[in-house]
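In what follows, chain A forms one complex with chain B and a second complex with chain C.
Right after this comes the complex of A and B.
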């Protein structure tokens, strides 16, 4: 019997425990490090209390159309898997709860406090995985406005107007103006595609490109038009209406004055 | 006062004759309309306040010369504004101020002149009613005969009618003369290429990957979630050095993913889509605007120029507006690596109709 050889060949009885502990610490540490990157301010996304509060709010305010378990009814779609971003956009901009069924949900003053919106969002996010509320560095407008402008012209300007002034769609629907929308809500709208807006997922427009689009919109909001009066930035319709009414009106008035007999 | 040749004389005739104007035929041989138009003459002369009140006249003249002085101020200001608000490079705000202040000066200069002159004419210059009669349209018989004689003499002396060979060859030369200018229009088309061929084909070919506009990154079928709309250009277009915009104007494609159950596909076109992913030309068949206003729930595509609407779920058939043909569909497939590729070029010319389009 070679005891010494056996002893060197065997691990310490506590080695497995130590390895397990080490592994757990690493995983936990990595998770903590990663999750702090996207952590939210007030309501903790993972907290059970937040989800419970959100569930109560949901059942009191949303369940009529979306069902008690958010499974959807004839009057409203299922919300399983839409993610926190969709709820934060729809409720945070006052589109939900909806006033009435119509071509499209109208924007109105938000019906909930910010914290309640987050609670609702994390309750719905707990039902199935979906896009999360974006991190702050993606929505604060610190990107490349020129790249954002090109992406905006290609992907967004046909509906939202090149200056983000909004525009008409079919059968009473419309693309809303983006002149007064926060960066978070613009990001969430791109990711989730609310109402009839198409979805622009991260493989179509990457998160950094989305940041650039938001940067461009912020630039347009903050810098006055170099051409003077924008007339709503609506282009030839508004400009034509203005010149037909006021330009021709002035010409008619001057003509009347020239031909009238002096008193 | 200044008058043209006719006004005074004509007026005198009209005034003296209108009361005594009687038909020159005997009663019974002509019908005299009892409500025939009678020249009412001038309304009674009403003097202006500037004619009666010297103070008012002074004030009017003051207004007029003030307007002219304002016009001078406007012109000087426009020159000063050009120097005071120079256009700095890289500053669009400077362009705005420069244009606005020069424009305000020029406006003041022109309006001051215009209003001053009209006000002068209306309130200070002599106020007399005048009728400026129309000239008779036809000339006197002698003038007419003389004109005809000029033409017949010219024809006889030149032999324009008699020497028909010379005349006809002249007409032929005049017709042929503008033809080169018309033919030169062909020079606007690309060299060594047939315009009909160019209009009939795009950059898409069998195996061309679908890539993102503007980056040119190839797209995997798995990247496209339901409800997405991707703006697509063919692989290699982003790197083209010459004619990139010309090719893009024909090859631009909108890629959408619908629930496969919501797509109503014709049996012969079922293989053109991939798991609910469809690709359609973005060029409107009406006059060629980019159609890209996509509504993900109604599956409507709206053209912003003339409101043509296409139903993506039904092969982009026209459901509203002036477009006459559905948008051409690009047949797509997936290659070994999972990237979306075109099966072929479009099976019909994209965009609006043209003369030779079959």
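Right after this comes the complex of A and C.
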């Protein structure tokens, strides 16, 4: 094919590409419209369709360890009565399905879409009553940060560190950092006590107090330290390492320069 | 002076000349300046480490003075009403509230506070490095033993300054630290509880401790430190500075640029560099964010609670003690989980302080030493130093055991057990490895002095033999390698009454331990013999 021959043709050389793109946009758009449609249809937590979808997902992805009816096996606990909150936390943060057996389930990129997580959650919730996914006004950070900070120091800081930087537990277990956990997941963790975390029920810390704790953590997440780089919020260990390596390192380099013989 | 007078006759006297004449006529400073200004200061980067400590101390004094204008050392309770939202309305002590005000509501306050704290960390770190330099080059030998003791005292005082300052804001982290100190004191048999009540003015935490620590922090400790710094520096002038062996450098002289003008200009500039580095760090990196720690309250304890780095070794020692080391005897609890670390650290500190005297006794060397050793030429001392460093480093690392565990995905127990091994077995390993490495390096030096460097040039002789041509050393380099003291184990000699005392035996044993394995410096005879063999 040479240039002159191509010019004689009726169609523009890019017409095929344009047609393909158009087709893809239509198909994709139609798919997106259709799938949002189904999501809206399934937003109803108690709808039979949602629960059915959830059950299918559960049997395909979770039943190996938790049993076909979520009754539990030797490899995983029963999930009857854990509630939607527990599932939304464990699956929504990628801890479940578990990557491997270990001291505790590791966080990883979530395996399911948001909508699938909800389907799983409402399926498990349908098996027995348990804590529900919290309402939006409890997790959007609109509470009293000062009260939340005090509650956090008293109830959470001994494991998660006072700045939420995380901390070590025994036998290789640990309390994860809270620097980028969403409000919903923080709330769900408090009510369900995942991994080694204790449960903070509503008599222990009221829903409003939980909202305040989330408000404080959101404040810390959204406002960088006024003093400059935080060095991981790890306190004196990071500061000591920094002054020895970078502070004293820089100064020793300068002493070498000062006493160097001029050429 | 004569040039000034002659110029005086011909032209107008300059202001500087007039001023210095005015001052000199009233103080006779000229002789002193002339004497001091002509002191030579040998040039080596490691000789500036003490200056780093001095200059960071000056930065601490300047920034600290600013902080005293605004800090209130009171434990009266107030409700915070400053601009940091997550603490608004929270009950806290005036000390904490005024530290928050310094951080958020006083112009430049946070910067100065951070600079003060970073300078404190640098102060103690540079003292540490300075002491290591003194130790490993043998610069503590006669006549400088007392200056070693003074310097070490300042190291301890600097830690005291650091700890008292760290405790002043009355935040959660420092309160936890004070609680550990309280526990340590209470763990001392008989006097512990009384001492704790005396210190805190009643049951911990009380309402007195911040005020008391403040007096120590800004009055007593700095006053002693300044006095000791003065004595330390006078001693440096009196003893002259040590220098490394090189042609023309002897035990009687000090070779280097004179203090005036070269050295003073360099040191003055160096002060501003240190000030600048600290200002840069303080403006970019958060230190001790008390606003995230919150006010002290005895009930919460945060994960990852550590002291500042220089107290870390003590915290680490507590963490390494296995569980259950306490028992009840005579109706009292004996806390060996506290006593053992206290005693171990106490012995370590005493050994470091008296090391110069131990070494002098073992070597029996009464001479003055102004030439600094290369560490390899004193293998046993270097090995002892390495063992001490390993011991300290193991304790120090243990203070961050939880952070080591989370950041390297290890178990806490594994980290603790590994560090227990480092603290107990590590020093012995470090000792043997270092000693062997030193002796190997000495052997290499000896080889180079006798036969020169390997040049990599292979020559075939007429007979078919291949040899590598060695490049002989020039005299300057050779001087550096051969001039060190050769010690030998002391002989046991009976005393005047014809008896061999236990002390004598101990000393001979120690001396044998020090000098049994040794590489003697190359002698002139050996050098000549090797030269005639080569040519």
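Just so it is clear, the second predicted complex is superposed on the first by the 211 of 263 C-alpha atoms of A that agree within 3 Å, B and C clash if a C-alpha of one lies under 4 Å from a C-alpha of the other, contacts with A are read in each partner's own complex, and residues count from 1 in each chain.
The rule is simple: a residue touches a chain if its C-beta (ideal position, glycine included) is under 8 Å from a C-beta of that chain, and two chains touch if they have at least 3 such contacts.
Small disclaimer: the values here were computed from a predicted structure and weren't measured.
*Asks:* After the overlay on chain A, what do you see for chain B versus chain C, clash or fit?
*Replies:* On the shared chain A, the partners clash.
*Asks:* Quick one: classify A:149 as touching chain B (first), chain C (second), both or neither.
*Replies:* After superposing on A, A:149 lies in contact with chain C but is clear of chain B.
*Asks:* Considering only touches as defined above, state whether A:200 meets chain B (first), chain C (second), both or neither.
*Replies:* The first partner, chain B, only.
*Asks:* Counting only touches as set out at the top, which of chain B and chain C does A:258 meet: first, second, both, neither?
*Replies:* In the superposed model, A:258 contacts both chain B and chain C.
*Asks:* Go through the superposed model and pick first if A:129 touches only chain B, second if only chain C, both, or neither.
*Replies:* neither
*Asks:* With both complexes superposed on chain A, which partner does A:249 reach: first (chain B), second (chain C), both or neither?
*Replies:* Neither chain B nor chain C is touched by A:249.
*Asks:* Is the number of chain A residues in contact higher for chain B or for chain C?
*Replies:* C
*Asks:* Return first, second, both or neither, reflecting whether A:159 touches chain B, chain C, both chains, or no partner chain.
*Replies:* A:159 sits against chain B and chain C alike.
*Asks:* So, does A:228 touch the first partner chain B, the second partner chain C, both, or neither?
*Replies:* both
*Asks:* Stretches 63-71, 81-89 or 261-269 of chain B: which one clashes with chain C?
*Replies:* 81-89
*Asks:* Where on chain A do the contacts from chain B and from chain C line up?
*Replies:* Common to the two interfaces on chain A: residues 150, 154, 158-159, 167, 169-171, 175, 226-228, 258, 261.
*Asks:* Within the complex, which stretch of chain B touches chain A?
*Replies:* Residues of chain B touching chain A: 46, 48-50, 92-93, 95-96, 100, 118, 122-123, 127, 212-214, 219-220, 223-231, 256, 290, 292-298, 300, 302, 304, 309, 320.
*Asks:* Please output the residues of chain A touching chain C within their complex, sorted ascending.
*Replies:* Residues in contact with chain C: 103, 145-146, 148-150, 153-154, 157-163, 165-172, 174-175, 216, 219-220, 225-231, 233-237, 239-244, 246-248, 250-252, 254-256, 258-259, 261.
*Asks:* Show which residues of chain A lie in contact with chain B when the two form their complex.
*Replies:* My answer: residues 150-151, 154-155, 158-159, 167, 169-171, 173, 175, 193, 195-201, 203-204, 224, 226-228, 257-258, 261-263.
*Asks:* Using the touch definition up top, name the residues of chain C that touch chain A in the complex.
*Replies:* The contact residues of chain C facing chain A are 43-49, 52, 85-90, 103-104, 110, 114, 118, 121-122, 125-126, 129, 172-173, 266, 269-270, 273-274, 277-278, 281, 283-289, 291-294, 297, 299-309, 312, 399-403, 405-406, 409-414.
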